[in-house]
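Accompanying notes for the structure given below.
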């Protein structure tokens, strides 16, 4: 059995669920990733990669559009991003930016514009209040926050749109690894917040795309 | 300081975030809840109550439309439910029905119809496959599942709409309390699934309403 | 060895640390508590009791000033409460009131007035903003909050005084037992928040009294 | 006491339980492993090694048949693998292949053929359905899966044979370390799934060999 | 939607995986269970029930063959148990007997005889040694053990057959709930032990039946 | 969006809560930190940095007053430290000194003198008793302790001032990471101890400054 | 199989390890316990029972010498207790007395006198210091402590004898269940403390008897 | 404040508790350790060091008798080891030898001989049985075991002496870090086993020395 037998690309995914196949690079060897890219290249397909460390990227034989902050890469043709931004991505602190950028890059790969708003955590509430109208103007809001993750609760009490919280692993002591942030957003007293896995900016962007899909479907149901 | 000083009702919430004030009954005494209901009654306002045990309900002085399965209650005038159902609520097992019913009652209180589909867990996959087209026809899908919570992952690979998973506390051993189910849906290999707190059918319904709000806002952005 | 050998009252505590001996009733039998009260009575001493369930209180032979909300009791003469309130006790939700009342009763036993402000959680931020000046007027602020415990972080970014957070066990799912609230306040992004054990309103009041003691000592250091 | 006193090889194990002695290399120094190999060599015995890092292998003085993907090694004569494959090894994702390969190598060392089927996770259910008949044709099925580990539950509802799940540590956030995957398979709603320790491909292969032994014993009981 | 819509019985399960549909009673209301039994009765089908508390059983309208020790019940015709016992069920202590009995009743429902051997924990090793030959004579061995769960490891080093460990929740302190026993058997130094969820005697019996199925399939592969 | 958009400095913090903006360096890239320092420099502002590893510090372009033991740095003009020390910082063991130094440096940055007393853990109680009068002379006492963190409880029974415990991550086995120390101080039997996050010397110093602020405010309330 | 097959009494235990067979009543039914007592009675043997709730005791048919505080019982002839007390049992608080009494009763059953010293926790260190010489006079010291369990560390720094710590489940919040106390004593900075399971007064007494056995054996080694 | 203020050596410890001061090197800098050694050298005192990594040892200026397996070091004159060995140190597997060696070196530093018996884990019970008489001949037995840590339970049922279990961090998956081994020995069904922190060979040796001290004290009590 060769490396080629170790993967099965899911090119039918967009038709089924409206989201393209993505390669989670963290658990794969450079040899496996190169074989996957070769298979996609033969088919003329493009691919999005997440959690690609700089070292592993350097070991790959294929050309990629790589972003070291978000550790994401695009193989093949990029998408044109156009129109108003339906999604706001809010990062509680500067340290949460990599996760926010992962979400931004995921949306851009799908041709969706997003507005990134950083360092508006609740320790200085005026920073959030200054940007609140801007955030409220977006139908879908992603909030990335670590440590106590109080920001999603505050935003959840002020913003009516779809709200997707991404806890981050930023912090130390009880905050280390992000479980405290995760539990805080799950236990939020603000109603209707939904949550993704820790540091999962990619998943938050996919969830946002599912909301956009739902909106199109609802328009068809009651035009 | 009297009981009347122990609560501050948030009647401005619908204007801010499109969701009505709700009373979480589990942590409150019957005396506190009666005082809250009296204050709402004076104002001519209605209220929705969650996690109201039969014993506590029996101790209340006010009339309520009570559902013992979901332990929810409506104080004041119900809403008329009309139109096509934009939301499907899928319960993996029969034991997950109370959580699903809490979501259903929350949506009904807001006048939103939902389709409840029960006992389609993955141990007998044909049960899901038989109902798949029906589920896919809904723009928003809530999935309540306990134990291994494998159903949201399978649904997430087959349905394109907004997908809100509610892990439940059903089960024993490692499943007890719902942490295993919660972690499973957070770690799902299907992209774009969002998650609520364990047993939080109310929150899932609120999240669904946020998606419906986002859809209306998106229509205004690009009509 | 009799019950009388099973306890050793610490009547020298006020001289050492400025706080009176207190009886933690939860782990003691009614027989033990009655023996303790008898010993204090013989000495002409008064005592404060915490975590005294109504059932156990009913089984006691001694007279007590009992508060069922906070489950605290005073044996012996109460203290006169006078002067301005140096301490504000803020309860995030109505469900956090019992813990706040335990802190209030502990302070009152020591003759210290406190201002209790309830149900100002961040899900409706206007409720906090309406009371903010009042809270800021107190040199010491205790904040009791469960679930995501976002309120202490927000207060910590707005109030300069000594800030003591008490996580509560209010909530279900990941919030159950209060570990999520505890971790959130420990990981708070607002600087200088200190934390007590879950549901420990008594300890928060003692910490406030330590701050008042420190203030007196500082005045002696630099009058 | 010398290094030679630090180990006691269990060469009687095959007679007792039908499985050969194996060296768990992770907790041993290169010096200890070399001494063990020398002792086996003197006796003319062969040995299987698991969890042997490339660095430690490079530090060994003895020749080994080493596989860097599964980090296993064979010291001494390999076994001839023959006959139909009684065991299928299913890897949910490409990242689970190293664990699957550890199981495959363990079985091969014992002369047992296995069929490896990779990347058939539930996010794209068609991939599993395409291979289902092939999997069902094997009396014993090992399933390695990380993250939400939903695949064993789905397979468990479709396949009648002995089913051994191996949770893997693949993933991040709540999935990191494999506890989420482990709990999911333990809590599986599909009946009769058994579980090994996280990443324990070796143990899964041994469990499969125990099933093969049981089959032989059953044939003797009722020929 | 009525109670009848809240369940979907999986009568095709025996054909798919060789195991009959079973009702997990713990998470279901008496009303739901009665509806399920009525549906089975109409179809002329029998059913097995697990985790049925005496109180809930008393609330049911249907006749059942109930065992209070294992809290299992049979609805409909029992199976004739015949032939030699292919399965040994070993209970480490007297306190583990209820879990062992659940496994025994599950097998008996399927017509499979089992030998129950109780109170042979390692604290008095002679008890195990006295019964060892008897245990070894069974191709499949289930071991139920709580607390430190050392027995499965010892048995695993002495018995060659398929070995299924069921950790139990017996014990207090660190043993409470069974997580210590579970982790011990997962981490066992004896190779090839497989594990079920805590207290899951039912699942262990199903796993044993999967081994018996595999044995039949292997006989067909190489007759 | 450039790096300059990734942070929003909170220069209004001293007016709001009496504490200066501080940069948590651990989660930020050298590029981000340099941009923050440049922005502060343009404004003529100074900054305090915590958790700055030597490697990251070496990668910065700006000049800093750096302390490798506490991993803190001062950018801009230092403060003159004067007057009697209102704060004692007690380190249980030599290994807790880095955390104690972080608190000391934070206070010095604000112009507050502190007395550091090291290695007086309870295993040799005479060491504490020798320094007890000195510790009691300080109105505010910070105690940094790892492992079993018994020292704060002993100090709490002997010292009347404000008592801030900082659990440290010193230790191995159950002590690793500091959760055991954290839980011990939260569960302390000595009344009125408050707690900061693990290893959070910075937060303890901020809490001490809040006590000093409260003392000034109390003097204004009752002069 | 009858109840008589569900237990195997280990009457050879005293010869093997010097400790008598004991019945852990918590996990056994009244029917099982009565059968065990009958079997012992037939043999003329006595038995010690632990964790026997008053309700279960009331359901037994046999006569017992029962202690409701420690929930222990003696079946058969008691032992005469004589000589100096080689063991001191120290209870940190009044709430820890039940665990201390379990140890005391276990030793008394074996004919060993013990000195019980209660309520000498570190919050009021003078209480311990007053009794220190008395404690030091015992070669073996058992310390039962809950919450932060600081007492064993302090005693461990002052007393040279064999030191056995028993964490108790006394407390709430992070202390609930005793894990905080357990981790504190395991992580103790005082050298040579050994630890038993939470609330395991019986085990601590057995450990003390093992020390007494070791002392006798040492005397034989070097008389 | 200089490095010399960061430590306070406890040279009075032997008189108080019969154990010498020891330096825990893991949490200290090379600069701190060198200062400590210099202070001891000036006083003519010797010191024992634990958890000294080879890298840190290489950075020290002082001469030491260093053992890389146990990572311990002796500064100053060694002790003559003489007489029969009162302590047996049993290592379950070869991977547990470093912890066993730490105990052996600690005892040797105090002049106490110990017998080390390695790789006698329960997976091959004959290995233990072959050495059982030898183990039983020692009044004090230390057992180091990782993974499932079943060996202490088996030994505890066969050996009457003082029994000190040291769980080790050997293993992966649920065994990683040693919590599974720790919980298993705490929950042991064999009576009277005491437990030290994970990997704490040093503490086990100190506990053994406390038993030897108790034996001497008992001889004085009843000569």
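Think of it as A, B, C, D, E, F, G and H in the order they're written, each chain with its own count starting at 1.
Assume a contact is a pair of C-beta atoms (placed from the backbone, for glycine too) under 8 Å apart; a residue touches a chain by one contact, two chains touch by 3 or more.
Labels paired with UniProt names: A, B, C, D, E, F, G, H = Nickel pincer cofactor biosynthesis protein LarB.
Source: prediction; values computed, not measured.
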Compare the contact pairs of B-D with those of each option in E-G, D-E or A-C, and report the one where over half match by residue number. A-C
Report the inter-centroid distance (CA atoms only) between chain B and chain E in whole Å. 35
Note: chain H sits from chain A at a C-alpha centroid distance in Å of 49
Cα centroid separation between chain B and chain H, in whole Å? 55
Multi-partner residues in chain A (2 or more other chains touched) are 16, 93, 123-124, 156-158, 171, 173-175, 179, 182, 186-187, 190-191, 197-198
All chain pairs satisfying the touch rule are A-B, A-C, A-D, A-F, B-C, B-D, B-E, C-F, C-G, D-E, D-H, E-G, E-H, F-G, F-H, G-H
Can you name the residues of chain A that touch chain C in the complex? 92-93, 121-125, 147-150, 153-154, 156-158, 171, 173-175, 179-191
Any idea which chain C residues touch chain F in the complex? 16-19, 22, 83-84, 86, 139-140, 156-164, 182, 186-187, 190-198, 202-203, 206-207, 209-215, 217-219, 221-222
Which chain A residues qualify as touching chain D in the complex? 1, 5-8, 10, 12-13, 16, 24, 26-29, 32, 36, 51, 169, 177-179, 182, 197-200
Chain E contacts chain G in the complex at 69, 91, 93-97, 116, 118-120, 123-124, 126-127, 146, 170-176
